[in-house]
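The structures considered in this document are given below.
Here chain A shows up in two complexes: once beside chain B, once beside chain C.
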Partner chain A sequence: MKKNSISCWNCGNNVKNFFFCEHCKKIQKPIEHDPFQLFSLPYEFNIDIEKLEADFFNLQHKLHPDKFINANENEKLFSGIHSGNLNQSYHLLVDPISRAGILLKILINYDLKEKTVNDKILLFEIMELEEEKENLQQKKDALIFYKKIMGLIDDEIKTINNKFKEENYLEAAKIHTKLTYLKKIKNDFKKVEIEL
Partner chain B sequence: MAYSKELVDHYERPRNVGSMDKSSPEVGTGLVGAPACGDVMKLQIKVNNSGVIEDAKFKTFGCGSAIASSSLITEWVKGKKIDEASQIKNTEIAKHLALPPVKIHCSILAEDAIKAAIKDYKTKNRKNST
Partner chain C sequence: MSLMQITEPNKKTNHVDDHTAIGIDFGTTNCVCTFFKNGVYNIITDEYKKKLIPSVVAFRGDNFFVGNQVLLNKDIPKENYIFSIKRHLTRDQSKKIIKISNDIILSPLEVSSIIFEYIKKLINEDLKEKTNKCVITVPAYFDELSRVAVKKAAINTGFDVLRLINEPTAAALAYGLEKKVKGNYFVYDLGGGTFDISLLKLSDGIFKVLRTGGNVNLGGDDIDLAIAKNICKKLLNTEFEQLTSKQKAELIMSSKKSKENYNNDHSSNLKIDFFENVNEIQVSNELIEESANDIIDTTIRISKSVLNESELNLSKIDGFILVGGSTKLDYLKKRLKESFEVKFFSDINPEIIVAQGAASHAHALLNGSENLLLDVTPLSLGIETAGGLMEKIIDRNSTIPITKEQEFTTFENGQTAIKINILQGEREICKYNRSLGEFVLSGIEPKPAGIPRIKVRFSVDSDGILDVSAYDENSGKKHIIEVQPVKQLNSNEVIEMIKDSVNNSKMDLEERSVLEAVIEGQRCLNELNYLNDEIITLCSKEEQKKIFVAIGDLKLKIKEKKKYEIKKLIDKLNLLTQNFAQKRIENSIGSGLVGQDLDNL
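Presenting the complex of A and B:
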């Protein structure tokens, strides 16, 4: 059981809010959290991006170090950490591929790092896409290829959304692996575009 | 932090880049990947009747350390018996190339690739002999 009682450093009352004491309104010492907890989101893949963005700006407005210029050193420090955490968590959540990765880590302790995959069908497909990218000669072809990659990413995001809904996390993890590769190819494309 | 001379050398002049006919019974193909880095590695070996690796080829898309690790391992396995080749440890590759800690998994990938290639070769030839 996670202990839910943390006392405010200023007034000593129990605090439930991550950021401010409900009693004396002082900024609180940052505690361990994941991005979903930080934005009070349920552990679901499908999130309301507009609400996330609004919450992000709203919280950043209250917690930004600029708001604590005249506060004490501890409060300045807390504000800096909160603000940094908010930035990082927001960016991790707003990108569906990294959001899926975090969710899998939380739900089934799945970690892509230092993992070797030997799913031949997937690796073959990725190898072929890499070769296709390597052989791009003209800007026109590069654009067609880029659209194809974007289309593949969109399709897989729809599929992964369904797998999360069905709570089929192992299948979701497989799709996440593929999405990680596709994202890398998409990012490489920016370099290809410059070269052409 | 700088990369070692050996690593840069393998990255700039990779040895044994290419492909072999994966349907040939003498050829074993290993295909492995490390999605975190976006690496895909194909490693192929050609084995003669006495179980010696005559030739090795690789094709890797990914970071410099993955390319250097696969290039180095193709050089090392040539002329070795398949059982010797499967003894190569990722730590030897990492040491030779002086891989930084965050890139150790690239050498693991090369070890996994050669093992997968040997396994593929063995599976193929077990089928052929029966």
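Presenting the complex of A and C:
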């Protein structure tokens, strides 16, 4: 990630790199960013997960607090923040549903948390699924239901990918809302079903 | 990417001047200390040339003895032994609960410090080089307060703790480095008093923990106890609880021996001279198997749930690495192999592998390394919100270090202070989780409910230790607090926490939805209360009547905790006040205009 010129806390030279000073090689003070910027990714839904993982490990190799045991307190602090940002950003990007959410926030300032859902058709669909989940009796049915939810999630992810490609963000936001519900059903279901 | 080419500033290319740091496995039953120097692992031995240092302390007069000094000294009565102190670290770290004599009562933290003191002496004698730098391993499932306690016990004796790492992660590190394995591996770690299961992804020098689970109060000690109880019931025709504490101690020691002999014989003869009229009994393999089954079943259940949550199939698992002294029991291996049809690895001594991993990490930290270790936090962290609900801020199994912020707001109009209760656990309702500490954020500017923006920041560092701070976005007021082991812990709560969370999540969800409705209703009432005067001025008599009747109904339903009715009434009130809201906006624009200079508009 590139940033507008800021001077290095250590040597005072202008720094363009986000993580390290080009001159004295010292770790830099973290600045505001979004997960896409952190990994130098374009604002697109479709990303190369393998490359993301490789970049993540590569950056952690350089920034993780384990690599700064002998450094001064400033550097230790910066390393902890950078490393934490990487962890959080990586996990947000790996999950397609959270990735879509971040993208919508960046592109059209859409935040599901601040909205009430008025889409009656969607709410009806979700209520039906919830009811179906409540009425599950047998392990066999539970498995079928789980597969159904997973199938729905997969389908919607394909659709949302197309909507992002078409730059139809409002439609993408609608699908994202649905995906968020589906994910919640899936997680609730898992919590209840796991036999400890 | 240009930044990828920049070399890491602290990496040394020159490995000649190795700095030595010790890896310490501070176990429930035994401690092992290892250091890595000039390419080889060295295990520190005690004055009896033994590598396993029993985690036992005993007092005689004013003198204390540690490890084999205790076990090999026949003059110290067994009932004076202080065993398994690590188990108490999860509970009452700083509470004076261990009575040595009439004058001396110690806390688990102090007893742990005695063991660290002894270890430090051994290290200094063995190493002939002064170092106080170490990496200490802790059970992955250890909670916040227990981690702080272990670190504190070591620091109190002069150790410089470079890092706390999780035991299964240390084992995977040792295993991965030595055997150069790649893929997804389970590390099954059953020690004397704790059980951990971690799922790791191993690839070129990267050790990433995917998920972890466990039970901090389950271990080989429990198998010994179960054997002792079964011996009483089946062979001695008596109740274990009726034995004297001396008999109990003797019988548990004998049971441990019979468990260790399991692998050799079909049945073992056990000498017991402390029980009247009985000199020798025969402990069959069946009795041992039966006694161990419950504990093994529990570990299998936990392992399966970790696998389930990971969204990986058993087919994607490349192997099971067995760690901890208790995995030496052949029967346990047999049971695991039946449940998980994958490859099993136990070819590095399961009793020393954890210390070996810690030593290699200690060396890597001081001297630089190509490897990267990414661990997770075992339990969710969050705070208490209105109505006694836990709002999770950091989910369990998040890769550490991690920092997360969450915004909170006030619940009452004009509220100027917020009490923040920090919680750890998986349940929806606060009281079922454990409180790590409380602090008060005061000096919030009085505003209507819901307007102030309070940001709470949770940071878990690479040791898995939490730091919480909170600030008011408007006033900039900041409070930083450190979570200290002040509150008493109940380890039984930890053990049962996730289990309970799963068993009760259905109930919790129901309870939560009721609480949420109540809160929502209360908020609606607060708002309307705040607008009371305006309602009277702006609404027609008929509108007023409808609104106030609905408010009365809502108050009643909140009291009765009827969530559906509450929701209906909130909707109804929203509808009834639509007209009012419109008038209010018009009015406020109007009143805003009154008295303003035309030029200012």
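One rule holds in what follows: the second predicted complex is superposed on the first by the 190 of 196 C-alpha atoms of A that agree within 3 Å, B and C clash if a C-alpha of one lies under 4 Å from a C-alpha of the other, contacts with A are read in each partner's own complex, and residues count from 1 in each chain.
Basically, a residue touches a chain if its C-beta (ideal position, glycine included) is under 8 Å from a C-beta of that chain, and two chains touch if they have at least 3 such contacts.
All figures in this text were calculated on a predicted structure; none of them were measured in a lab.
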> chain B versus chain C on the shared chain A, clash or fit?
Replying inline: clash
> Once the shared chain is lined up, is A:F36 touching chain B (first), chain C (second), both, or neither of them?
Replying inline: neither
>> Applying the document's definition of touch, where does A:F57 land relative to chain B and chain C: first, second, both, or neither?
In response: second
>> In the overlaid three-chain picture, which partner chain does A:Y181 touch, first (chain B) or second (chain C), both, or neither?
In response: first
> Which partner does A:F164 reach: the first (chain B), the second (chain C), both, or neither?
Replying inline: neither
>> Just to be sure I read the superposition right, which of the two partners does A:G80 touch: chain B = first, chain C = second, or both, or neither?
In response: second
>> Taking the superposition on A as described, I'd like to know which of chain B and chain C A:F145 touches: first, second, both or neither.
In response: neither
> Of chain B and chain C, which one touches more residues of chain A?
Replying inline: C
> Looking at chain C, which part out of 383-391, 473-481 or 491-499 clashes with chain B after superposition?
Replying inline: 383-391
> For chain C, which residues count as touching chain A in their complex?
Replying inline: 1-4, 6-11, 162-163, 206, 301-302, 304-305, 308-309, 361, 364-366, 368, 372-374, 398-404, 459, 461-462, 498-499, 501-503, 505-506, 509
> Given the complex with chain B, which residues does chain A contribute to the contact?
Replying inline: 112-120, 122-124, 126-127, 130, 134, 177, 180-181, 184-185
> Which of the residues in chain A end up touching chain C in this complex?
Replying inline: 1, 17-20, 22, 25-27, 40, 55, 57-62, 64-71, 80-81, 83-85, 87-88, 90-91, 188, 190-192, 194-196
> Which chain B residues qualify as touching chain A in the complex?
Replying inline: 31-36, 38, 40, 42, 59, 61, 104-105, 108-109, 112, 116
